[in-house]
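Here's the structure, in structure tokens; my notes come after.
We call the chains A, B, C, D, E, F, G and H, going by the order they appear; numbering starts again at 1 in every chain.
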């Protein structure tokens, strides 16, 4: 793809890293000379040290043949102006970071794809790290359901049981599913069957229609997570 | 919990929001007077406008009874100093944001829990939004496996088929699992059985041992994702 | 009317002056504290010293009952964000200053009324003051036609002639019209008839289908205007 | 003409644009290096990055052969000093922007032509755009008279009538004159006669000795303009 | 007198000191808050912390009843604007510091009294202190004549001689006059007669039609002044 | 002479001008790069853009062969340090500007020649210009005596009188002396005798043992100077 | 004592700490408001937030009754001005920090006691910490002699020997003296006699006329110190 | 040794001076370009103008072969991060300046050698210079004992006595030892015997188990030191 990235700040930099490593043709527009220099020194891409809200800059960036434009500056008004100009040039794929959640609507209204609450995403991860340390990673499904990764501790209720035994002991309610088991020496993860036996230190991917409730995480041996 | 949050910047602010909303007792330490004022005006928590690397400040923050400290400033050296001081006061749960990936090791060495590459996380999401627009959300499982959310388009190969029919047609390989189905009017998501029929506009949660490969996303009707 | 004015800078200030003097209910949003203070001290209006791109500020400004919003900040991205938010609140009448002419299109595209090239307007007036000093004021009609004010000098070809005499002498082509005559001691301006006599020092309002051409301004006694 | 323009700010830039496009020999004096560079890159003129209140600078600018000098800086004291120095060098045509209306007198006193209230001009236009949206453009004649452009709406009282009929119906008072009619496909504008018929969508140039009063604009079908 | 002093900088401060000590009613206008505060704390006068080029400020300063206005800011354009406004208010006595010697003419042209080259005055004194250290103080009379103060050294040619003897010995040419003699214990200075005897350590006030030439200063015992 | 001038500010610049024009070998030390450049571009002298309180700088300036050093920076501490270092290098002639009158003593104590109160000197001149406008120039002799220049107005008591007549009429007290008369067309000034007649418009150099008292200035026709 | 400390920076702060703790009456003069506030909040002393080179400030500080003044600002010119003013007020004891070693002479010349090279002192300690880590503390005596503290390591040549035995074994040359022995549980340090036995872990105070040479430090078991 | 010095500020500069003069291979890391330039111009060492907390910088500095790293920046968090990174690279000898005494513990905890209170060291010296001016230099031994240098004044009690006589007269208590005598013309210092005679102006190195008490300094003729 031919990708234009606007802004080479805290978010723009790793984005440039990913986009160039993935073999795309990348153009970066960054107004600040120091940041622009830093990009030029590190990545193999065209870097324009200019104002992205100026037509000339977008022209120079090759906006006519751009497949995707990602606006990552830390000012929402700048991001929206850039997106509108990109729309004018009929860029097929436009994404923007949005800093003030109350501006989400405006971006949607003009039809721009947005990254929902980047800082909140990080904040949520940090919070979980102290509030639910047993949960290694997770993903929300709708309002309450969750897929999450959790390690089985020694002597946890489920330790040493097959899935069928676990279900028989009422350890796993109906709307909970063990999706995958990461286990030392096994790659890819094990896709569990009824007779697959759960062991201590297994890293489970679990789906729960009601989320990672304490009653559920207890099953995997993390009573401390109830402390919240 | 009694939580001390150091830094009320881009990451600290939503963290304070989550932590206070979750009913914790929260103390915020922020050196910048403007930011400190902003917190004071918005959240119900103790806010100290002071240098978190000074013992007196930590004392005032009630460091002795703190359950968890989260350091979110944008300077790694400050974060590490804060974490070391927190260790000196035997705070049981210490987490820090780390900005330079090469500093990860140092934090680990002194035994501090870290948030891995916050900006990279956002950058990855943004990149996916343009590179694989069909994937609504996703979570990596180990090296290659993934859980992801994807919408079924009208006339997609799987549209109108039951899971059994889909398997019969070799649409879903063995190590792929439809974990849940979000459908207009259904809450919680449907836990699919063999005879559950997939419909256009269903938002599927899918587990794939080999990730969201184009051959797989094609099944749900997103050939454009092959363009990467 | 209930008018919200965003920005109290070089353009915003006289606008506030006009809008309050005309008996409207005016709310001013200005981010800079000094400017906000200056307004508060001078005009009878509500002044909000806040960021106009924040929903709370617009709420406080009474956006729901606003008849018209005029955005006058010197940053186009800020103006466009403000206009989009005003649209979200269904403000019936939205106008914005636009600084970069190349941004005109974007404002039009989202349906916002704009002030065309404010600086260019002034620049044009200044230029005319040196290039055509005889023209006191003027207004363009379509591409080439103009209405303009011009003083009659002593001994100008038209000095002392009635309109009929002037026409007879071929001084006034067919598509030129003397619209009004401002003369010392006459108020309102004289609406000229065929037998109205033009005198030196009359300030004429003239319509010309081909503009204020030198051949025409000569008639009123301003040969120097040919020097351009 | 040989024109010296002092200041390349918001007003100076479009002035340079007009003056160079009109084929004059233009010299620009701008103290700020960045602005000076911007001009140098965009226009074909001599640009001096220097203090215009220094004799040397004016000498370099060719003040001895200058036909007109226009001072556009945003500081009135600088403008007046520049104008006085230009008078010393007997520049025949000197114009200045004046920012503080109370300084007008001082400029007049030393015999310098001024641009009356540039910001107020813009402000007035903006205000009209919300207060009298039907008026497309206008020009004040003396205290109360006005020439203005207005569109005829479908079913307006005057729609479909000749000027004579309109007069008969008392739609147009005596001191109101339809000066010109811009109509799709007609160029130049039509100079109306008594039997010229007004149609919807005509853009009329109207002279009114008592201004664009609501009773008058009603005739052209804009009752909403009464809302002021 | 009722005196308005504009500017409380390096020159303004001692001026305020002199003017208040001499029993005048003094008003000071100074834009810089720190400087304004310093004046307020030290002198018994009205101090306005405001822009002297604004009519309101001058009004507040009582410009209508002002006997004299002295403008001492370090910007010539500001000084000239202040002087022009003072002229508008018919202040009878207006003086200004001028920094750029090439602006002298402009001040003269508008009829403002100026302080000629303040820095040059100091520079000249400093230079004399190293170039002609024997000259304690001096005043130029026309092009070449000078009145100067000089000390008589022990064994100088004139030491111990009466004025008549000095003239007889051709020590004092015809167009040189000993105006006064300051001598320890004598107050006021001695007005010399023909038989007054000059002594070592006398501080003489000398008038010379050809200035303080080395041949003349030698007479008072300062051969080193020839070194220039 | 070989002169080192420290500081190229408001006082240093004209000093450099005088010193170079008088044919001396001049070295300038100025810390500020902009000021140093300005000197380099204007005067024929060695300019060191460096800190004058560093031994190396003084060495580079040729301190060992310096005849005179003049310190003109606007910081007394810097001036005193420079003077002390110059003493260490046995510069024979050292002069310094002193800004705070209370520092005079300290400079004297270490044996440095000083310029007494530069700003006060200017302030005094300015004050005189408004308080005693008749006095064109003047020089203090001891506590009260003065030499001053004053113009004779038409019809002044002394107008048309010889010195003897003036003395007879008691116009000139005993301790007042007309030292010289500058008169249109006479060069050098006239050295007056008893029968020299004073005329209107003569510019007199007058010595008065009791200063330029109103009773005395009245004689030359300046009653307005009594207004003080 | 009544002590005036000028400057509350990096050196001034701990000095204020020592001086107040030792029961002196302390006055601090610090120009920077923030620093002044910090002192006011921490120490029991009079703090003047003012310029120490102003007579008024010194007066307020009670300079007339001051026993000692210590100038610690980081600008040598300021320090020297303060010291000269203190001399003028006959402060009996004046000490100053000197930053540029080449200014030492000037301070000595005016008779001010100085702290020799404070930063160099620290630098030397730091350097020793890496170059001769065995030396705990040390003091230079004249050019080469040193008193130093060193720990005896297990199995060092001197470990377990009496001083007489050590001398007999030629371990301690004649001009080396064990001055004191700090040993766990002994307070004050042991004053050694001929039969005092040296033990491992003793912290010895050693005098050596030829310094802490490697041949000598070897005796106490630190061969690694030879590595320099 | 191969030494890396981080920071070229007030402490870093003289350290670089010592380290390079002592023949080590020195690498300096300094973030500030001006400081880096200053080092480059003065010392023969590798200078990296970069952030020392970045792995690349340490790599460039040759961290793998470094014998000792000394961190001298004025920010403790930066110092600690640098030290942790140096530990990661197994630098054998790591020393840091610590600014906040309360951070000492943290440095110790991670096993880094520190310079104890550099500013306090200087402050103590300064204080002694005014509080005990007789003490030329000194070194603390444990809690109370001291080695100090003191000059013998004329007619001091010990002046002219041998050590035995002094002991007989009870001038020197048992736990006081004259360690060395610096005397004009003697080099190295004299190692005193019982019959060595003390003379006025001798600079004695004295060990006292109870410190430099006034009763002891009296013996050497400094009663004024009691004044504290």
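Definition applied: a contact is a pair of C-beta atoms (placed from the backbone, for glycine too) under 8 Å apart; a residue touches a chain by one contact, two chains touch by 3 or more.
Listed by chain with UniProt protein names: A, B, C, D, E, F, G, H = TrkA family potassium uptake protein.
All figures in this text were calculated on a predicted structure; none of them were measured in a lab.
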For this session: Name, by label, each chain that touches both members of the pair subunit B and subunit G.
Result: H
Seminar exercise, completed: Shared touching partners of subunit B and subunit D are none
Exercise. For the homomeric pair subunit D and subunit E, should the interface be classed as same or different, according to whether the shared residue numbers exceed half of all numbers used?
Worked result: same
Seminar exercise, completed: CA centroids of subunit D and subunit H: separation to the nearest Å works out as 77
Exercise. When the centre of a chain is set as the mean of its C-alpha atoms, what distance in Å lies between subunit C and subunit D?
Worked result: 6
For this session: Give the residues of subunit C that touch two or more other chains, as numbers and ranges in rising order.
Result: none
Exercise. What topology does the chain touch graph have (line, ring, star, complete, other)?
Worked result: ring
Problem set entry | Ring path (origin subunit A; first step to subunit B) | A, B, H, G, F, E, D, C
Problem set entry | Residue ranges of subunit E touching subunit D (in the complex, touch as defined) | 53-55, 75-78, 80-81, 84-85, 87-88, 100, 102-103, 105-106, 109-110
Seminar exercise, completed: Within their complex, subunit B touches subunit A through residues 1, 3, 10-15, 17-19, 22, 24, 67-68, 70, 72, 74, 93, 95, 97, 99, 113, 115, 117-127, 129-131, 133, 137-145, 147, 149, 174-175, 177, 179-180, 182, 187-189, 191, 205, 207, 209-210, 227-228
